[in-house]
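Take this structure first; my questions come after.
Chain lettering (A, B, C and D) follows the sequence in which the chains are written, and residue indices restart at 1 in each chain.
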Amino acid sequence: MKRLRICILGATGIVGQHFIRILHDHPFFEIVAVTASPCSEGLEFGKATDWMISGSIPPDVSNMVVQETQLGKILKVDPDIIFSALPSGVALDIESDLARAGLPVFSNAAAHRMEETVPILIPEVNPEHLKLVNYQDYGDGFIITNSNCSTSGLVMVLRPLIEYGIRNITVTTFQAVSGAGRTGVASMDILNNVIPFISREEEKIANETCKILGHLENGRVVSAPFDMNASCARVPVLDGHLESVVIEFEAPVNAETATKTMSGYTGEPQALKLPTAPPRPLITMYEQDRPQPKRDLTLSEPELGMAVRVGRIRAHQNRLNMFLLVHNTIRGAAGASVLNAEFARAKGVLK
Amino acid sequence: MKRLRICILGATGIVGQHFIRILHDHPFFEIVAVTASPCSEGLEFGKATDWMISGSIPPDVSNMVVQETQLGKILKVDPDIIFSALPSGVALDIESDLARAGLPVFSNAAAHRMEETVPILIPEVNPEHLKLVNYQDYGDGFIITNSNCSTSGLVMVLRPLIEYGIRNITVTTFQAVSGAGRTGVASMDILNNVIPFISREEEKIANETCKILGHLENGRVVSAPFDMNASCARVPVLDGHLESVVIEFEAPVNAETATKTMSGYTGEPQALKLPTAPPRPLITMYEQDRPQPKRDLTLSEPELGMAVRVGRIRAHQNRLNMFLLVHNTIRGAAGASVLNAEFARAKGVLK
Amino acid sequence: MKRLRICILGATGIVGQHFIRILHDHPFFEIVAVTASPCSEGLEFGKATDWMISGSIPPDVSNMVVQETQLGKILKVDPDIIFSALPSGVALDIESDLARAGLPVFSNAAAHRMEETVPILIPEVNPEHLKLVNYQDYGDGFIITNSNCSTSGLVMVLRPLIEYGIRNITVTTFQAVSGAGRTGVASMDILNNVIPFISREEEKIANETCKILGHLENGRVVSAPFDMNASCARVPVLDGHLESVVIEFEAPVNAETATKTMSGYTGEPQALKLPTAPPRPLITMYEQDRPQPKRDLTLSEPELGMAVRVGRIRAHQNRLNMFLLVHNTIRGAAGASVLNAEFARAKGVLK
Amino acid sequence: MKRLRICILGATGIVGQHFIRILHDHPFFEIVAVTASPCSEGLEFGKATDWMISGSIPPDVSNMVVQETQLGKILKVDPDIIFSALPSGVALDIESDLARAGLPVFSNAAAHRMEETVPILIPEVNPEHLKLVNYQDYGDGFIITNSNCSTSGLVMVLRPLIEYGIRNITVTTFQAVSGAGRTGVASMDILNNVIPFISREEEKIANETCKILGHLENGRVVSAPFDMNASCARVPVLDGHLESVVIEFEAPVNAETATKTMSGYTGEPQALKLPTAPPRPLITMYEQDRPQPKRDLTLSEPELGMAVRVGRIRAHQNRLNMFLLVHNTIRGAAGASVLNAEFARAKGVLK
């Protein structure tokens, strides 16, 4: 089977760089174009980007000439699929236009996430939401989004625990600065500090979690009625969102049982052995002081930033307390969209 | 009225330094001795300590010869009161011995906090607990403790909200490294990291909060039956514990009303105009991204680290969400004990 | 003598905030207007700025309506003096225009520093350069600049050592992020990192040092012929530039003698007891590991950020090695310009 | 050829962990024992250590039972070679005893470095110093040390430049906290700070550089007569020592020529294709703001932390300025000793 030709939108930012890192040597995909804002147009990618992530720029991508993120120019390179790392404001129109032009769009942008027929897909969590693409108005094209970075870790932990009967969820986040993009957090603001606010993040966690864990009815999602309570803070950490999660159940839950339920959980991406799927999506840790962003996000593990780590699992009455750690720009962004594309291909949605 | 002669135990650490900063020019107290571990004995204080806090060592204290923390040696300097910044292990016996020798002991150590007749006193919160000293077995002496640093901020916020009927409390902390003492957190562990564990801290928050908010019955405290849920983490911040607090009430609470209740709250220390009492113990903030450790703990304010700041107050159904900030080594340690002594003196317990 | 009416240009940034902090209660000056970019025009200052420095915004300034940084609008408020915290690009024309309109301009901007008749004045170092204003073409107005932040610390240390015969100077800087302004350094770039480059900083140190230490000849400065060697790096520190300085002399210099020469040095600002002049401009430290940015820049000292601290003074053959510390936004920026204005007033240049 | 049996002394610290990471799968060596202080004796290595470095503990080493660092116990495991990551105080006697017992000792400790017949070997720099082992009094055994971490980067840069005639060298270091070991730098000391002092580091740089670059005469080293000037500081960075280096030559040196000389430099380890030798020992960088510790020490490169990066190479009169970056616990510690052992084996010194 020949590799599908892909175009990465917004390729010069951190999420774009992770798209390139994951996709440049991918068995199903082949990078044929990268886009950025007009000021980078015409530059070689290696000159247009400030490569911030581990490893070097793949030489073939480094020499690629950056295109402007503009419909006609993108169509001219004749891609089979689009991956989008665009900022939300920019993403809204161009993603729709590309879908309307018949292209499958896998997007990390928030712009279309809450639309009725657009799935926020996490194949381990809500694989059935993939069917929503049949209800979109884009002809052959469609849009599939991944969730917000903090949400991705949370729903993966919630998924196997739903069977115990969840009543409400309280989450407090410790979010890394990379989540705000290349220049999103000024050092004057975060050195020796914590900022207890991230614009629109708490709403995203609440809304996206309920949508992802919702069920399909007549070609639309009925959000799960979870009572969500999110408080988000930025901490002086480069990569990795840590989250303190309290789940209240209908009845008492045993910590050991819950731990086993989580650590044993696998989903369709594991069954299908998708290239970007981690062998175990949830890694439970037994050390008393883990997971930690600096120590538990190493890319030298086979999970490559796609597993969510959970630790300090404690039961108290009807509640379960835990800390989880998710790689915000991989499982919470670029890796999530790549997994979605692999899954869509495996299910025949992507041809 | 002549100033009472005080001896500060464990004076060379960070809490000890704050004791000195606050007390060296105090209207009621006069530092006559400072103690430390045997290895500092005989040194001038200025040589024995590594002064870490703002301002300089007061010259008279700098020249004071450090005593060993040993009963006979302390009694020889004939103090009227003891302030203790000792580590818990060391504090247990020596504090009892000093109380038994007829001395009032105001302690920041955890050693005696959970004893039945020892108050964890916060004069704005549980002034009536001062009476417990009458039930102690120490003759003329007694022990009064202040709470754990994280607890101090939490109970001050809870106190005025109790009237609304609290059902349970969930708190996630972002704690500064100074809370672990001078060398408590290695830089290898915390640079670019968050550690989701602080030994025994979650238990302390739960137990101390319930004790402080409990009522007296027959000369002992009956702990309040709050359902407490604490998750503690260390962040790369020098000073100031930030806490994400979720309070569930019996019925819905209006955010604006709750804010007014908190910001208007004052207690006996304010009525008595005690020197170390902040004009307003709770300062509510309206900015969308405050309080922040780096920006809101400045000692240039009249509160001098003794007020607790609260922000991002949000109501959702029966719950109130907020972030609070407490200066962990002042309101959460040295300043708390000084306020306790001022209060005890004002109430005639200290003569 | 009535207080002179001042207008602060670029008042919303960090240097602007320090101007306000130092000047709002100044015996000689009275803030009558503050300017910023057009987007802040018409806002109250308290709403237009994000106050980052210690202390609160003085209430009278907080309520002041921000003006646009535009000639006509500034003249309308009829100031007696201008203080400028503008970025260099903006400063060039407006500072000239204001001087041409007859106003004395005290500027922290680099725009005019290297002009022949514009002094880079540091009253402890080159008080005689004040005379240059007589050679400017601005009629009654004039422009006096202060130096670049790193340069200010260096020349203050060099000044008393010149008599020993300096051959060349090597300096490596450890510069704080506040030197790049409110959002100048992204946290992604500096957390857990050092950046060995600051645009145009090495040239500024070389050129400004030679100009400041130069002598006047026919109404212009003849730069000192020092062989300068600067290497500049940014470190994850909020405030305070540390500099490793190696001075090579014509002959061996004794470390103790040099230390005494520095610590005993005072200049005209000290003799004139100017309000912003530190009692001792150079504070030599004897501890083996000082000065340190976090510990030695406290504003609780009488020097209030205007003294330069020097430590680890070591002689080796013809060379003297040392580390110096300068508060980059006070002695290296706002405080420097205020001292220049006080000095100009004392010398009758400012009426 | 069968793999030599190795014992790693002081294996639980950071340098010890790097020894294990590099050696556990090495073509020439096989880990048969690991030692630590008595308090770890008898524990499985995985329980005795707090693994801080990237990757996981190799399972076979994880299960190894830790020995006490004691002569008899070490000899009982019958090793062929010793690698030592001991602290200097402990290293002095045990390393001598092991050499006397006929074992080759490759040590990262400073204890024996300055002894007349002990080489501080860097095979790219002073391969001929290997011969010194013939002059040691240890019978079949010998001691070979690697240099101090800061020195290792410096001498590698100096080596190819010696031909231009070096007159003196000035270096200012920005050293990572890992250089002080697992708990060597307290977070209270280094967060938001720079410490301009590292105990005995400046002397080590001066003495070791001169010894390494010295020549052999009658079985001892005659140190090179370089005039060295070192100033050392600790910065809040986890890994990687950055150094600002100024080299004064006898005559002007062209920056481009010097860059080529450095980037083209290779030594015996490259010619011998030793497993741990980086393809290019010196990597010159052309970007205006590199090298940076966070960005340029990635272990995903083929150099694996063994190359030294050099950037910002600027010539000025007789001087060359540059910044270099060395991985302090790999090229500056464990990797250096492993390369020494590989080199000794290739030269027939290790059988």
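Convention: a contact is a pair of C-beta atoms (placed from the backbone, for glycine too) under 8 Å apart; a residue touches a chain by one contact, two chains touch by 3 or more.
Nothing here was measured: the structure is a model prediction, and the numbers come from that model.
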Taking each chain's centre as the mean of its CA atoms, which one is most distant from chain A?
C
Contact tally winner between B-D and C-D is C-D
Rounded to the nearest Å, the gap separating the Cα centres of chain B and chain D is 47
Distance-wise, how many Å sit between the C-alpha centres of chain C and chain D, to the nearest whole number?
42
Which positions in chain B touch two or more other chains at once?
52, 191-192, 236-238, 294-295
Give the list of chain C residues in touch with chain D in this complex.
170, 172, 174, 191-197, 227, 229, 231, 233, 235-238, 242, 244, 246, 288-295, 311-312, 316-317, 319, 321, 323
Chain A residues within the chain D interface of the complex
52, 54-56, 191-192, 238, 294-295, 298-301
Quick check on the complex: what are the chain D residues that touch chain B?
14, 52, 177-178, 182-192, 236-238
